[in-house]
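Which chain is which? They are A, B, C, D, E and F, in the order written, and residues in each are numbered from 1.
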Amino acid sequence: MTQLVFPEHANALGKAFGGQVMAWTDMCGGICAMRHVGGLAVTAAIDDLVFDRPLAVGDMVVLEARVNAAFRTSLEVEVGVWGETPATGARWKCVTALFTFVGVDEKGALRPVPALLPETDEDRARVEDATRRRAERLQRRKAPRA
Amino acid sequence: MTQLVFPEHANALGKAFGGQVMAWTDMCGGICAMRHVGGLAVTAAIDDLVFDRPLAVGDMVVLEARVNAAFRTSLEVEVGVWGETPATGARWKCVTALFTFVGVDEKGALRPVPALLPETDEDRARVEDATRRRAERLQRRKAPRA
Amino acid sequence: MTQLVFPEHANALGKAFGGQVMAWTDMCGGICAMRHVGGLAVTAAIDDLVFDRPLAVGDMVVLEARVNAAFRTSLEVEVGVWGETPATGARWKCVTALFTFVGVDEKGALRPVPALLPETDEDRARVEDATRRRAERLQRRKAPRA
Amino acid sequence: MTQLVFPEHANALGKAFGGQVMAWTDMCGGICAMRHVGGLAVTAAIDDLVFDRPLAVGDMVVLEARVNAAFRTSLEVEVGVWGETPATGARWKCVTALFTFVGVDEKGALRPVPALLPETDEDRARVEDATRRRAERLQRRKAPRA
Amino acid sequence: MTQLVFPEHANALGKAFGGQVMAWTDMCGGICAMRHVGGLAVTAAIDDLVFDRPLAVGDMVVLEARVNAAFRTSLEVEVGVWGETPATGARWKCVTALFTFVGVDEKGALRPVPALLPETDEDRARVEDATRRRAERLQRRKAPRA
Amino acid sequence: MTQLVFPEHANALGKAFGGQVMAWTDMCGGICAMRHVGGLAVTAAIDDLVFDRPLAVGDMVVLEARVNAAFRTSLEVEVGVWGETPATGARWKCVTALFTFVGVDEKGALRPVPALLPETDEDRARVEDATRRRAERLQRRKAPRA
């Protein structure tokens, strides 16, 4: 998924404003999730979204997403966002984020999602990491904030 | 900050789509951050953003933000989003999220932010929690993902 | 209700363009009207909308609305719009406007609206003023324009 | 000026929402004002904006504007908005409004506007009516609201 | 149909970006087609769309459309786009384009369109030219591209 | 480049409206052109844009572009648009179009574009076809329309 940063996406500094980048990131992750699920998927949570370097008006934006792990009705999708200067082709990392999507039917009710079959050791490491992060998330949500 | 959910904000299910809610959340947190900073602030990270219950077309949206803790050049802002049905006044929690904003000058360079002076025990507990979460975030960012 | 002025809201002079400010004003007044009505409300008329000082890209926008008076199926809502500079916290009045909203059901048919019970002398003065303005409006609408 | 009402312009009832219609009305009036002024013009005030019948998704919108009178640095522009059903060509009046625009230079400072030379008795009646309304507006602005 | 070019329509060069101009052109052509058809019409093809001179932020945009010829279920609509400088009234041609629209019913199925009755020699020449272009288009579509 | 069709992109039939699809197509072609050019590129012409089957709200949109041929300051870019149903993964062709982009510098002045080196027979056939189409386009532009 690619985009161009236009003035309509910019804040007063001439950079793509945070909410716009988040909206692109959410759409890219959602398409990835829907392709894995083979149906509708909606955003349930976002963690570790980090803005590294901003995007200026005129930059190209390249977004990539992959499924890290699939659980019963949810899946963790990792999205990366890169900026690219048309004149030089130079690329830099702007954003990384971990999305949790859940599979839903047409009425919005939860639906089981297909399993993810890891093939390589790297795949398996990613599933393990995602599984641990999921446990930590559930833990954090139980502990009420002050 | 309040909004109305219009069809232009909706996904194919007639609910406000995730990216739109994130954009509102970012703007609400950003205004809160800029008021504390007394200048510009941009989004550096988002964690523990959780979607609890969706917003339908026609719902009102109420957003609230508060500064949990201020560090040297960054601050943690907690944003809550509620849905409200015009006909009944019923309210429900839709989203909570923890934003990290950084103070910047007109050229985007980091700038120290004012200290937050906690007044009550609850305030102090929030600063402590935010400080611990900040350490955990920095820890997670050091550990490279598979 | 608060907003940030982004380039997407600006005219060629770098100021929020009139139609955008009017759209924010209408939304703020509409939310206020729907809360009083306890149901749907749509805009019927606007009077005495005055632009005092413009909003520039980067300014924050603060909108406030209150019900001046409720009639049988309509109510007068006064909306004020202020600009705010993030760096200094300085505020200035941008716009005031008097909206007439009518209560409607899901099909758009008129519906009676709850009475407004004035509590203070100031409240009562506002009801009186709004009642007189309503009579003048109806008078103006009867006299056909050249 | 013509438009089509798309879902992106609609409220939860499937009608063009008030703020969107106001934004179209403002743009139409502004173009009319800039043509008379021969330069930039910005909205200073709106009065007697009346919504008669709503616009549904799929309707065409036809907007017309004319200068009623020109004063030293301001002019009154009357805007009419009609709905039109593509299938039948039927037209109905949706909105009328009286805008006050002021001529400005590139920095936003007030600039004198060209005189309007009425040619017919009807033209002269419009100038008279607009002149009287302007006096009433200035009168209303002097009297502080409760 | 008239518009003002705002920053939200601009690319990184401060000019209305191609896709925005195309969207305006499509809407103007579509309204013209629906008026001829007396019902819904959707875009089937675009040819010979040529950008002559760009539109800058602050320019006014004037669009005009006319039906060149009507066939059984389709019609060719020619759209012209002009830029206009508010300060001087100077106009220049920006875009010309030939749209093919088809008449459709509420479910999107093709519907015959009314004949166009040419009145002048110029009208007849336009019908002839459009008929020849239509034959060439169908020819080009048969020949598969490499 | 991928997208999701939301209600904000739809016409009154619940399908992505022509102008929106054209805007996506233009952006996808423009990114492809800028990558080839290694700098800015703006749309000069569009031909043979054909809508085959519409996109409904909820569909995914997949866009692909490739450079067919590069001339002195212009290049022909072919863009294809496919719809994809999330539930089944089924894909269909929606749109094909031939864009002519020109390389420009920061002030919008024409700039030579790099040559395209065809490697296979298919590549060479595409260059030949595009060269012939370019000659036909220039021919058509010389012949004034009635």
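By definition in this document, a contact is a pair of C-beta atoms (placed from the backbone, for glycine too) under 8 Å apart; a residue touches a chain by one contact, two chains touch by 3 or more.
Just so it is clear, the structure is predicted and the values come from calculations on it, not from any experiment.
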Check your understanding: Which chains make contact with chain B and with chain C at once?
Key -> A, D
Study note, to complete from the structure: Given over half shared residue numbers means same and under half means different, the chain B/chain F interface is different
Revision key, fill the gap. Ranking B-D and C-D by C-beta pairs in contact puts on top C-D
Exercise for review: Just give me the whole-number Å value for how far the CA centre of chain A lies from that of chain E.
Suggested key: 39
Exercise for review: Can you check how far apart chain D and chain E are, centre to centre, with Cα atoms defining each centre and the answer in Å?
Suggested key: 28
Exercise for review: State, to the nearest whole Å, the distance from the C-alpha centre of chain A to the C-alpha centre of chain B.
Suggested key: 18
Check your understanding: What are the residue numbers in chain F that touch two or more other chains?
Key -> 4, 7-8, 11-12, 17, 27, 30, 40
Study note, to complete from the structure: Chain pairs satisfying touch are A-B, A-C, A-E, A-F, B-C, B-D, B-F, C-D, C-E, D-E, D-F, E-F
Study note, to complete from the structure: Given the complex, residues on chain B that touch chain D span 4-8, 57-58
Point to revise | Complex contact set, residues of chain D against chain C | key: 11-13, 15, 17-20, 22-27, 30, 40, 42-51, 54, 78, 97, 104, 106, 108, 122, 125-126, 128-129, 137, 140-141, 145-146
Point to revise | In the complex, chain D residues that touch chain E | key: 1-4, 27-28, 30-31, 34-35, 37-41, 58, 60, 86-89
Point to revise | chain F residues touching chain D - in the complex, by the definition given at the top | key: 7-12, 14, 17
